[in-house]
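Below are two complexes that have chain A in common, paired first with chain B and then with chain C.
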Partner chain A sequence: MPSVPEKICRMMLHSTVKAWRERDGRYRLQGVVCKDCGKKIFPAVQICPYCHSKNLEKTEFASTGKIVLSPEPLWYPLTGFQELLPQYTVMIELDDGPFVCAELVHYPPPAEFKEGTRVEMAFRKLKREDIGNYVYGFKFRIVE
Partner chain B sequence: MAEKKVAIVGIGQTLHDVHPTRSWRSLLNEAVNKALTDAKITIDDVKAGYISMGSPEQHGQEHVAGMASWEIGMWPKGMIHCEDACASGTAALRAGWFTVLSGKADIVLVAGVDKNTDNINGWEAIGAHTDVEWEYTFGLAWGPLMALLKKLHMQRYGSTDEQWLMYPVVTHEYATKNPNCNQYGKKPMTLEEAKASPYLFGPAHMVELCPFTDGACAVVIATEEVARELTKKPVFIEHIAVGSDPQLLGNRWQWSDEGGLLEWRGEIEAANECYSKAGIKADDIDVVTVHDSGTCVSPVHLENIGIFKRGEAPKKIFEGETRIGGKCPCSTHGGMRWLGHPIGASGLNMVHELTLQLRGDAEKDKRQVPNAEFGMFSNEGSNGASMIVGILKRGG
Partner chain C sequence: MTVGIKGYGVYVPPFRIKVEEIMQTWLNSNPVFLHDMMNLKERAVCDYDEDVITMSVDAAKNALKMAKLEAKEIGAIFLGSSTFPYVMKPASSIVLEALGAPNNTFISDVQFSGKSGTVALQICLALVGQKLAKNALAIGSDNLSIHTEPGDSFEYPASAGAGALLLGEDNLIAEIEALETYNSDTPDIYRLEGDRYLTRGGDAMVESNVGLPSHTTNAVNKLLEKLGREPKDFDYAVFHQTYGVSPFIIGRSLGFQDSQISPSLIADEVGDTGASSVLIGLAKVLDEAKPGQKILVASYGSGAGSDAFALKVTDKIGSVTRSPKVKDIINAKTYINYATYAKLDRKYQRTGGE
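== the complex of A and B ==
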């Protein structure tokens, strides 16, 4: 009898397409602009939450912006996100309008950074899924 | 035509603690049996049932309604499962309230339960209440909201860390007087002890966050006619409203020109709807329970529902306005922070406490708000993407 590794029973294993289909937003900050009221929305929606128009156009938003609010560094992350500690989660205003709450990656971590600090998008591994595949997306780094 | 009235006629709650030897079925049965006993009815009198479980992924059992009906003896009558993250309990109550209002049933059971400690990775499982594609996948869950919100309030209104830490101090004192809380009989925590608590998501301290807990709570509601027959102390549901805000913090910040993290439109509008339907104002509320799984969000709830003016809640709490004898005692059962936060039961725990207070039955535990007539709850689901707000009134 060939030796077969014993399988581990798992109730939920996400398919790879689940992450793949979100690539436009996660890799390129693609959202939508409402052609009726002009609001810029990220991530993309199918109906404008402001004027309820369906007249939306896909748009790639600026990959640069500034920090508008930053709390203390976070030492207790979710399981699977512990590789780079501490986590700096900040609110960022992109240069062309939308706001994004995202992780700041800048190693070694800066001793101090202030609100108003310029940042740019960084393409990073987000996590490894339960079936083993890696999921990628945006984080931000400080522009020197 | 005047709207019919619906009353709470029975309540039941388990001890909230870590229950390694007990399943969700066991906890549910205890709470339901206590509520039925309190209402002086049997399960055969119940015409419809709703169950709230906010985090079934903790033990892997989906489709709890189908299992619960059999377990509590409602079979062959069925139940319906309501899931609205941390607001699941009050979502189920709202469904039950509508069912009685519609005339389809005169007695309805609403029961909530969760078994958070069955999952050793529970923190991750409740991350499923966030936007999984755009928050959880990025490693963001509850920490950023709590930390950003508290910091923004401190920056904008000059509230201090010490003021914020008074909320868990006040509610701990209540918790020591609640026999269904595992803090019962313990020495109340001091402000100095709270200040020594380390940051979990700075500036949010560890002491400001709830533990993982197992527990269940059940409520029986009925038409006014039935309620008058069953009890001398009915508690009427004046109104329950539901509101919503964008789940993603960036979206919330954007729509409001920075105010959205503090001024929750869904909660404000739901509260205003409740005041309008009940014909009262915020100043008429005698006792309140607001969402306090993270007490670093609770002062903002108290501001959103109008109990305190914008920017003043932390200061007012520090001055004792949420203690008994203050302007509006808050979370007199200890809140989710100290009672614990078995997700599906938590909303009903708020209703359980308000019912005790409005009946005058909290007297025996020495945490009674004197002569309370109106009670209000504000139950938050996820980052406020679901907000369920309601007003209860003492019957007589």
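== the complex of A and C ==
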């Protein structure tokens, strides 16, 4: 194991496959647009949940948006690095439509935000899998 | 056609630890030495979820934003660092996908300790010059803090940060006029296979002239000779910054004035950012540079070598939008104590299940 000690997630899955398949969505907010009903869907799916069409096109969504739902900060571990509580996990409406549930980064301090606060995507380390590899993906930072 | 810089981007993690905080824990230095002699007040610390790769992506996105360029137009990405998270697996491939650059982009990681960033710059320069890539991204990024032993004297300046330069042939804000290098086998600071922490080759190597001053002086003198210029012909000089005082020591010995060096100073507030040190220094200078001004850049990497570049600022510099400026990035900060820093940098031992 590597020399830097870090908490490990998902103890039972000895594979990097799941994280690898979903990397485009995590790295660049890539989702799909249904060519039949026009709905924008994130994360990417194989079949449109609205009209059951398979006629979907991969699209990268905007990396900026606003907070639409900000529940109480979590004082129990949800996922990823579990030793920097509380976790501020919020629902974000991206500028071109889809909703994303994401964690806020620690700076600027997320203590004072409300619904409507502007955020932008930040590329961060999400967690470490039990065979040691890092999983990177999106978090959001508050734009002043 | 001349190859030059189209855009630049910088990222410095927002957490800062003051040198007094480290001093109160270890009692192994004194404020007069650090503040007045070494010109070091505080340094950056990475957040829990940041590393060389995430900082590189942030810096690269800033560079692309400045050049108003889509990631799809990048032809090469070279990432220089001495502290990659993976020993075997390129970090540049993660940067490539995170930016959304095409899969047939030339990419690689390069390692030459503190001058890794300028080595990446050399490679990109060659690729653009040979028309193998239209736009090339040279990134220098380092997290020295996490690889510095607690209680070591290098713990005071060891910091983290990233700088990215976008090279190309059109819409240049600065042209690269010439480049020179000087390398030798000098084991001053190194990290062995499997080692977590950096090793210093003793005070005779680190504190004497054999490393940083000697290599930088040789590279810069060679460059000045090649161009037929003198130190006074440059408006700015950017040197590797271990401490806030290091660029002034090197600059004075070469014949530069303090006023040429001080615009690039970052180490007093950020510390030694390793491979990104000169890139952040250069970005700070480009934030205020005027058309026609000349800049000299000289990096240093332990082990050891130095790359010296001469740049000429073009008229385009007036029309670029810099958001954010290097000063704003450095000033956006929050102070942490030693315990938090030790946790964020995972400077602890754990057993069982982890």
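The criterion applied here is as follows: the second predicted complex is superposed on the first by the 123 of 144 C-alpha atoms of A that agree within 3 Å, B and C clash if a C-alpha of one lies under 4 Å from a C-alpha of the other, contacts with A are read in each partner's own complex, and residues count from 1 in each chain.
To be clear about the criterion, contacts are C-beta pairs under 8 Å (C-beta built on N, C-alpha and C of every residue); 3 or more make two chains touch, one makes a residue touch a chain.
Note that the structure is a prediction, hence the values are computed from the model and not measured.
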In the superposed arrangement, does A:98 touch chain B (first), chain C (second), both or neither?
-> first
Per residue count on chain A, the busier partner among chain B and chain C is B
Identify the partner contact of A:122: answer first if only chain B is touched, second if only chain C is, both if each is, neither if none is.
-> second
Would you check which partner chain A:22 touches, where first means chain B only, second means chain C only, and both and neither mean what they say?
-> first
Touching A:106 in the superposition: chain B (first), chain C (second), both, neither?
-> second
Contacts of A:60 with chain B and chain C, given as first, second, both or neither = second
Counting only touches as set out at the top, which of chain B and chain C does A:50 meet: first, second, both, neither?
-> first
Figure out whether A:76 sits in contact with chain B (first) or chain C (second), or with both, or with neither.
-> first
Please indicate which partner A:134 is in contact with in the superposed arrangement: first for chain B, second for chain C, both, or neither.
-> second
Chain A positions within both the chain B interface and the chain C interface are 80-81, 126, 139
Residues of chain A that touch chain C when the two form their complex = 3-8, 23-24, 27-28, 60, 80-81, 83-84, 105-109, 122-126, 134, 136, 139
In the complex, go through chain C and note every residue touching chain A.
-> 14-15, 47-51, 53-54, 57-58, 61, 85-86, 94, 97-98, 100, 146, 194-196, 332, 334, 343, 346, 348-350, 353-354
Per the touch rule above, chain A residues touching chain B in the complex are 11, 19, 22, 25, 41-43, 49-50, 68-69, 71-81, 87, 89, 91-92, 97-103, 126-127, 135, 137, 139
In their shared complex, at which residues does chain B touch chain A?
-> 60, 121, 123-124, 127, 133-141, 143-144, 147-148, 150-152, 199-204, 246, 248-251, 253-255, 258
